[in-house]
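Please find one structure pasted underneath; my questions will follow.
Labels for the chains are A, B, C, D, E and F, by order of writing; each one numbers its residues from 1.
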Amino acid sequence: MSTVYLITAVVLIVGAFMLLYRALAGPTVYDTILATNAIGTKTIVFVTLLGYISGRTEFIDMAIIYALITFITTIAILKYIEKGRLD
Amino acid sequence: MHWNEVVCTVLLALGCVINFSGSYGVLKFPDFYARLHAAGKTDSLAQVLILLGLVFVTPDVLTKIKLMLVAFILLIVAPTATFAITKAAHLDGLRPWTRGGRQ
Amino acid sequence: MIHLDVSPPLLALYLPLLGALLISLAGRWPNLRELVTLLTAGALLYVVAGMAPAILAPDFWASYARAPALKLAEVLPGVWLELKVEPLGMLFALIASSLWILNSIYSIGYMRGNHEKNQTRFYVCFALAIASVMGLAFAGNLFTLFVFYEALTLTTYPLVAHKGSAEAIRSARTYLGILVVTSVCFLLAGIIGTYVFTGGDMTFRPGGVFTRVLADGSLTAPTLGLLFILYMYGIGKAALMPVHRWLPAAMVAPTPVSALLHAVAVVKAGVFTVLKVIVYVFGPAALVRYGVGSWLIYVAGATILIASCIALFQDNLKRRLAYSTVSQLSYVIIAAALLSPLSITAAALHIAAHAFGKITLFFAAGSIYTAAHKTEISQLDGIGRRMPVTMAAFTIGSLSMIGLPPTAGFVSKWYLLQATWETDAPFVLVVVILSTLLNAAYFLPIVYRAFFVAEPKHHHEPHQSSADGDFGDDADHHGHDAHDHGEAPWPIVVALSCTAVATIVFFFYSDLAIGLANQLRSGLP
Amino acid sequence: MTGALGIYNYWIYVLLMMIGLYGVIAKPNLIKQAIALGLFQTGIFLYYISMAVIDGGTAPVWTTILDGAQKYEGPYDNPLPHVLILTAIVVSVSVLAVALALIINIKRTYGTIEYDELEAMDQADKRADYQRGQVVDAADDVEHRLEGHHHA
Amino acid sequence: MLDAFEVVPNLPVLVVTTPLIGGILTIAMGRGKGPWAWATLITGLVFYFTVLLMQQVLAAKTGYISYELGNWPRQWGIEYRVDALNAFILLTVAGVSFVTTLYAQKSVEKEIPQDRHNFFYAVWVLAVCGLLGITVTGDAFNVYVLLEISSLTVYALIAMGKDMNRQALTASLRYLILGSVGASFILLGIGYLMMVTGTLNMEDMHDRLAALPDIVHHRTVLVAFAFLLVGLGMKMALFPLHMWLPKAYTYAPSAVSALLSATATKVGIYMAFRFLFTIFGVGFSFVAMPASVVLSVAACAGILVTGVTAVRQTNLKRMLAYSSVGQLGYIVAGFALANVHGVAGSVIHIFNHAVMKGGMFMAAGAIMYRLGRCDLRAIRGLGKRMPLTMAAFVAGGLGLVGFPLTAGFISKWYLVQGALEAPHMWPVAAVVLVGSLLAVAYTWRVVEAAYFQEPEGESALVTEAPLSMVAPMWILIGASVYFGVSATFTGEISMRAAKSLLGGAP
Amino acid sequence: MNAVVLIDTLLLLLVTATAVAIVEVRSLYASSILTGIYSLLMALVWVNMHSMDVSFTEAAVGGGISTILLIGTLVHVGREEKPIKKRLHVPALVFTALTGAALIYGTLDMPRFGDPAAPIHHYRVPEMMAQTVGFVNGTPGKQKPPEGFDLERYRRFDGRVTGPIPADPTDTAWREKSILQTEGLIVPQVRAAHEPHAEPGHHLHPPDDFNGHVPNSVTSLLAAYRGYDTMFETTVIFTAGVSLILLLRRPRREGYLQPGAVMSDQVILRVVTKLSIPFILIFGFYVITHGELGPGGGFQGGVVLATAFILYALIFGRAALYRVVPPPVSDMLTGLGVLIYSGTGAVCMLLGGKFLDYSMLNPELPGDGESLGMTLVEYGVGITVSMVMLTIFNQLAEERST
C-alpha cells in the first residue's frame, strides 16, 4: 500500500516542480499567485500522505493548518494587489 | 489486497492523473485565465479525491473525521482563493487571451 | 587603602598635594593663591630638610635594610606603592624643594609681569609636579618610581602647553609623545621584565635586585643587557640622544616652567632615575661583571659633544640653554656609567650642581623676556647695562656650566675628573675637556655681548624672529617693545639673585650634598 | 547508505545555507538580504532536524489511543533537536520582524533600500560629519591662517 | 507560601529572572519618570543579587555554584553554573548597567520620543537580562537563546538613535545581519558539537570531547571549533569582524552606547572564554589548535589598526568606538596567551574597560546632551565650561592609555607579564605597549581641544551637565581609579578565574 | 532506498530550486511569496523527518506570518528590486563556496544520517525519553524500552538522583570573611551555603513524572526539561513585538485609528471569512491545549489564533480589528503571557523548589503538578505569541508610506 502513497507523493512533487516553473516564469503576478496557491493546496494533501507513508495517521491536524495558512496568505497577497495595503 | 485498499488505490490514481494534468495545464496553457481554469478545477477535485481515497484505508474514526474536515476546508477555501485571484486579475485589467493574439 | 600617616616622606608627598588643592580653591584671589604656594613650598623644604640628619647618620645603611617600607597601597598582589628614603632621593628632594621656593617667587613676578592666562592652573600643576617629584625621590620600588615618573610627565604637560597657542600645543605634543613613548614602551617593559625575571622583586636595594637570579643562572647576561637598554632609553627624561628632542621642544613653556623642567624637576628626575636604576636595580658591580653597561659611556659622551655643538648654533637663548641641558645631563649619565664608587658620587653631585647653575640661567632668560621681550641672543647687545643684576647672575650660571671655580659646576666636574682618572677612562677625559671648551664657546659670547657690545640704536623696526624660536611673541606685547626697560620685576630679580648666590655658595659649602653623595657611595656593596 | 551517501542530507543543508549566505552577501537589496538570512537560518534548522532522524524511526509522540492502551512503535526520532529548532524558528521570525521594521524606517528616512546607495549616502553623511568636527588641530589651524595671510 | 522561599540558594536564577519579569512590567509603568525609576530599581536589585552571588561563589568549597533549573538533573535540563569568572562578569555587567540606567534618565528624555519611554526601558532591561543570562548559564544552547535576546534588544536600542541621526538605522541593520550570521555560526557550531557529544551541558560536553579518541583529527570538532570562533568573533567584534561596531556605537543613543560598550561585547568575550576554555579545553584550543596564534594576530592587528583609525576620528563617540575594538584586542590577546597572567589580565581588563569606557561614553553623552554633538570642534574649551565631564573623560582616557594608578594600568601589567612569561609571545607585549601610545594619541587630541583651545559658538555658553549624568559618570570613573589604586580584589578574582579556566577543574 | 529518503531527496531538490529562485528572482514580491512556498515545502521535509512540531511551526510562521509580514513591508518599500548589472557576485560565490566546503568537510566525520549509534541517540536523550515514556522505577511495565537502552545505567542514575544526599553540616566556609567583606562591600547575612545536590529536592521528580501525562515528548522537553529555554523563546518574541512598537508605532496624537482598507464588500470572501474565523479560533485553542498529546502547543496555537485576527483585519479593515483588540489591550496581553510563564516558574521557587520546578505546584502528586505547570506555561506562550504576532502585523501594516 505504501507504494501507492509513495507514487502519489512523487506525482505531487513533480506537479509542484511544474507549478514552480510557472510561478517563476510568470508572466503576470497572477500566474505567480496562482501557481503558489496551487503548490499550497498540493502540500496539504502531501502532508496527509506523509502521515500515511510513515504510518502515523493521527497528525492530520497539520493538514488543516496548512490549508488555513495557504488561504490566509493568498488573501493577504490579493489584498496587497487590490488595495496596495494590508491594513 | 482488501477492497478498501483497492478503492483507495483507484481514487488515488485518479487523483494523481487529474493532479498531474492540472499541473501540466498550468505549465503549458497560453494565458492566465486558461491556466487558472486548469489549476482551479483540478486542485479542488484532485486533492479531494486523494483525501477521500485515504478515508477508506483509515481505521481510526477520529482521523477519518479529520480527513473529511480537511477535504471540506479545501472545498471551501480553494475556490475562494481562485475566485479572489480571478477577481483581482480582472479588476487589474487582465483580459483573456484570444486566438487573434494578445490584446 | 591609603594610610593617613604623617611620617616625613609621606608628608613631603601630601604637602604639595594639599597645596594644589588649596591653590585651586584660592584661585579667585591671586594674592592668597600665591601666598599658599609660598607657604607650601616653605613647609615642604622644612619637612624634607628635617629628614636629612637621619640620612647622614653614620649607621644609616645598617638601619636601612631593617627599616620598614612605607606601603601606601597594594595595587596588585605583590605590587605596591612604597616610599623609602635614601641618600640619592634625599639629595634630589632637597634640591627640588629648596628651588621650588625660589621658583615660586620668580613665577609670581614672571606670570604677573607677562599677564599670563590660566595662572591658577599653572600653580596647581606646579604643585602637583612637585608632589610627583617628591614621590619619585622617595620611591621605594620600581613600581612607585614609574608611577611618579608618569605622574610628573602628566602634571608638567599643562605647564608646557600653557599658552595654548599652536606652537605650544605642537611642542607639548612632542614633549608628551617622546616621554610617554619611551616610558611606556621601554621603561614599563623593563620594569615588568624585571618583575617577571626576579619573580616579583622590585624593591630598591643597594647592589641590585638581580643578584639571586644572576647567581642561579635564570637570568643571562644578554637578557640583563637588554633590560639595561630598555631602562636607559626608557628613561626619556634623561634626554640621552636620540630621545632628547622633547627638551628643546618644551622650551615653549613659560620660563619658570623651563627653569623647573630643565634645572629641577623633569630632567633631574630623568638622570636621578638613571642613577637610581644603576645603583639600586642593577648594581654597579653586576654591570661591571657582566659588561653590559659599557656602551652607555659612548652614547652619553656623544650626546655631550653633539648637544654642545648644536647649542653653539642656536640663536634663541632658551633653546641654547636647552641643548646645554641635554649635554649637561649626559655628564651625569657618563659619570654613572663609569660605575666606580667615585663616579657615582660625581653623578649625584652633578645633579645638584647643575641645578643651581641652570636655574639661574633660565631665570635670567625669563627676566630678559619679561623686561625686554627679547628671546634671541643676537638681540642682547648691551643688555647688561640695562639689567646688570640679571646678567651678572647669568654670568655666574655660565661659569658654573663651564665648570670654573668658584661655582657649583666646578665641584662636580672635579669629582668626575677624579673618577675618570681613577677608572682610567681616557675617552671620558677627552669628552669632558672638549665639552668644557664647547661650553665656554657658547656661553661666553653671550656674556660678552651683554656687557661689552653697545646697544643698537634702532629698536622700532619689527624684530626678526627665527623660524623655530618664536616664543611668546604675542601681539599684545609688540606695542611696548623694549627700548625703555630696566630690570625685571622685583620677585624675578630676587629669585635669580638667590640662585646665583646659591651657585657660588655651593662651591664653598657643599658639605650637605657631598655628605649625601658619600653616603650613597658608602652604601654600595 | 554508507560513506558519502550516508551524509548527503547534511550536504543539502550546506547547499541551502550557502544559497542564503550568497544572497546575504551578494544582493544589495535589504529585503532580499533579510529573506536570504531566513534561508540561511532554515538551512541550519534542516541540519538539526536531520540530526534527530534515526533509522526506522517515527515521530516522537507516544501513541496514546483513547481507550488507554499504549503501543510502542519502534525507535522514536530524537526530540531534543526538535525542541531546539522550535526555539530557533521563533528567534528567526523575531529577527525577521525587527529587520523589516528597520527596513521600513530606512526607506522612510533614506528613500531607498539598496545597500550600495545607502552606503554612499552614509559615507557622504560621515564625511560631512567629519568636516564639521574638524579643525581641531591648533597647529594646523595656525598654519592655515598663516598660509592665508601669506596669500593675502 | 513565601515561608519556604530563600533568596540565597536561588541567586543564580534571580539574577536573570528579576530583570526578565521587571522588564516586562516596565511597560505598565506609564509615562513620565515611572519606567526609568522602575528600571533603576530592577537593575539595582540585580546588582545587589550579583554582589551576594559573588560572595557565595567566593565562599563555595567547590569554587562554583550549580543551579539546576526546574530541578532537573544537569545533564538533562539546563544548568546554571557560576564560578569566579561568571560571578565577576555578572558583577561587572549588573553594576555597570545599574549605573548606566541611573545615567540614562536625562539623555533618554532628550533623545527618545516621550511616548515610548516605557517600551524603551522595557527593551533596555531585557537587554541586561539577556546579557546576564548568557553569563550565568552552563548550557550551550541556552547561550544561543539568550544571545538572541540580547542581540534583538540591542538592535532595537541602537536603532532608537534614529531621531538624532538616521545612520543609526543602517548601523542597526548592518549589525542585525552580521550579528545574525554570527549567531547562526554559533548555532551551527553547537550543532556540530552536539552531533559529536550528544549533550548540551558545557561540562558534559567537555568531558565527552575529552573522551573522543582522536579529537585533534576529528573533522567535525575542528569545523565546529572554527565556526564557533568566527561566530564569537563577530559577536565580540574581534578585529577583522568588527565592522558593525563603530557605526553602531556612534549612532546609538548616548545611554545605549554607554551600556553596550561596557557590557555587550564583554559578554561576547565571556562566551569565547566558555567555549574555548570550558568546552574545548585549553589543551585543544591553544595547544592542539593554533587559536593562540590566530587570536593574538587578530587582536594585535586590531589594536594597531583601530588605534590608528581612532586617532583620525573627529567624532568622540566614533573615536571611543574604535578604541573599544582596540581594547577588546587587549582582552583577546590576553587569553590567547593561555597562561595565568595573560588570562587574568584579560579577565580583569573586561572589568576595567567596562568601567572606563562606560564612563567615557557617558561623558560623551553628557556633551551630546548639552551641545547636541560631540565632535572635537564642539568640545573646544569645554574644560572650563564642563569641568567635571571633561575631567571624567580625561581620567577615563588615561585609563585607556594605561597610566599607572588607573585601572587600565593593572590590566596592562598583567597582560605584559603574561606575554613575557609565554614563550615567543613577547611581540604581544610590544603591541600592548604600542597600543597604549595610540591611546595617548587619541586621548590627547581631546585634552588639547578641551583645555588648550578657546571655545567657539554655542559651546562658549554651555554649563556643566546635570548632576544625574555627572554622578553616574563619576561613579564609573571613580571605580576605575579605585581599582587602579587598589586592585587586590579584582586581581585576586581574576587570578582565581584564570586558574580555574586553565586548570580545567572548576 | 526507503521512502523517507526518496521523498526527502525529491523534496529537497524542490526546496533547493525554490531557494535559488527566491534569491535570484528580480521581483521582491515574487521573492516574498516564494518564501511562503519555501517554508511550506520545508515544513513537508520536516514532516517527512517526523518532526511534527517543527513542521507545524515552520508552516505557520514561515508560510503564514513571515509571508504576510514581508508583503506588509513591500507596501512601504515597493515591490521591485533595483536591477543589478552583474548577476553573479564572484567574491560572494567564492566565500560561500569556501564556507560550504568547510562545513561539508566537517560532516565527513559525522555519524551517517539516521545512524542509531550516533551519540545524540544513545547518550543523554534515551534516559530522558525513557523517563517520559514512563518506566516505573525501572520496571518496564507498560512498554519495552527503546533499543539499546541501558537499564542498569538508568537505575544507577535513578539511584543517584533519588537518594537524598545529606547536606554537609561541617561546611562553614561561607561564613568566613570573604574578600568582599574586607573590601567594605555589603555583607548581608548569608543563610546557608548552596551546594549542588546537597539538599533534598531531586527526589521530588519521580522517574515516572510524565507517565500518562505527556505523550508528546517534544512538549515535555520543551516545557519541562528545557522549559527555561522556552521561557526565553517567548521572551524573544515578546522583545520583537516591543521592538516593533518602539520602532514603528506612530505617536498617539497622530491617531492609529484610521479605517484601513476593507474587502468585506466581496461577498464570497466575507462569508468564507466569517465562517472560518470561529473555526480557526477553536482550532487555535485546541492546538494550545493539546500540545502535550500531539503536534502543536502554545507557540503553534498562538500563531493560529493570530492568523484568525489577521484574517479579520484583512477582510474587515484595521479599525474593525482595533475595535475587537485595541492596541493597549494587545500590549498588555503580550506581557501577560510571559508573565504567566515566568510567574509559574517564580511560584515554584516561592514554594521552596527551584525555578520552574512544576512538581512544587502539587507536592502530593508531583506528576499532576507538572502537568498543571506545563499547561499554564503553554497558555502563557499562546497568549504572548498570538498577541505579539498581531502586534507585529499591526505595526507593519499600520505605517503608511508618505
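To be clear about the criterion, contacts are C-beta pairs under 8 Å (C-beta built on N, C-alpha and C of every residue); 3 or more make two chains touch, one makes a residue touch a chain.
Model, not experiment: these values are computed from the prediction.
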item: Chain pair with the higher count of C-beta pairs in contact (B-F, A-B); value: A-B
item: Central chain (by mean CA position); value: E
item: Chain of greatest Cα-centre distance to subunit D; value: C
item: Most widely separated chain from subunit B, with each centre as the mean of CA atoms; value: C
item: Mean-CA-position distance for subunit E and subunit C (Å); value: 43
item: Distance between chain centroids, defined by C-alpha means - subunit C, subunit F (Å); value: 72
item: Subunit D and subunit F, separation of their C-alpha mean positions in angstrom; value: 18
item: Intercentroid distance (Cα basis), subunit F paired with subunit A, Å; value: 24
item: For subunit E, residues contacting two or more additional chains; value: 141, 145, 148, 152, 155-156, 159, 188, 194-195, 448, 452-453, 488, 492
item: Contacts with two or more other chains, residues of subunit A listed in rising order; value: 16, 33, 54, 56, 58-59, 61, 64, 68, 70-71, 75, 82
item: Where subunit C touches two or more other chains at once, by residue number; value: 164, 169, 173
item: Complex interface listing, subunit C residues touching subunit E; value: 1-2, 73-77, 79, 143, 146-147, 150-151, 154, 158, 161, 164, 168-169, 172-173, 176-177, 180-181, 184-185, 188-189, 192-193, 195-196
item: Subunit F - residues contacting subunit E, complex; value: 102-103, 105-111, 118-125, 127-128, 157, 161, 171, 173-176, 178-181, 183, 185-188, 190-196, 199, 201-202, 204-205, 224-229, 231-233, 235-236, 238-240, 242-243, 245-247, 249, 251-252, 331-332, 335, 338-339, 342-343, 345-347, 349-359
item: Residues on subunit A engaged by subunit B in the complex (per definition of touch); value: 1, 4-5, 7-8, 11-12, 14-16, 18-19, 21-22, 28, 30-31, 33-35, 37-38, 41-42, 44-45, 48-49, 52, 57-58, 60-61, 63-64, 67-68, 70-71, 74-75, 78, 81-82
item: Parts of subunit A lying in touch with subunit F, wherever the complex brings them together; value: 2, 6, 9-10, 13, 16-17, 20, 23-24, 26, 29, 32-33, 36, 39-40, 43, 46-47, 50-51, 53-54, 56, 58-59, 61-62, 64-66, 68-73, 75-77, 79-80, 82-87
item: Complex interface listing, subunit E residues touching subunit F; value: 1-2, 4-6, 8-11, 13, 17, 20-21, 24-25, 27-28, 48, 51-52, 54-56, 58-62, 65-78, 113, 115-116, 119-120, 122-123, 126, 129, 133, 141-142, 145-146, 148-149, 152-153, 155-156, 159-160, 188, 192, 194-199, 204, 208, 218-224, 226-227, 488-489, 492-493
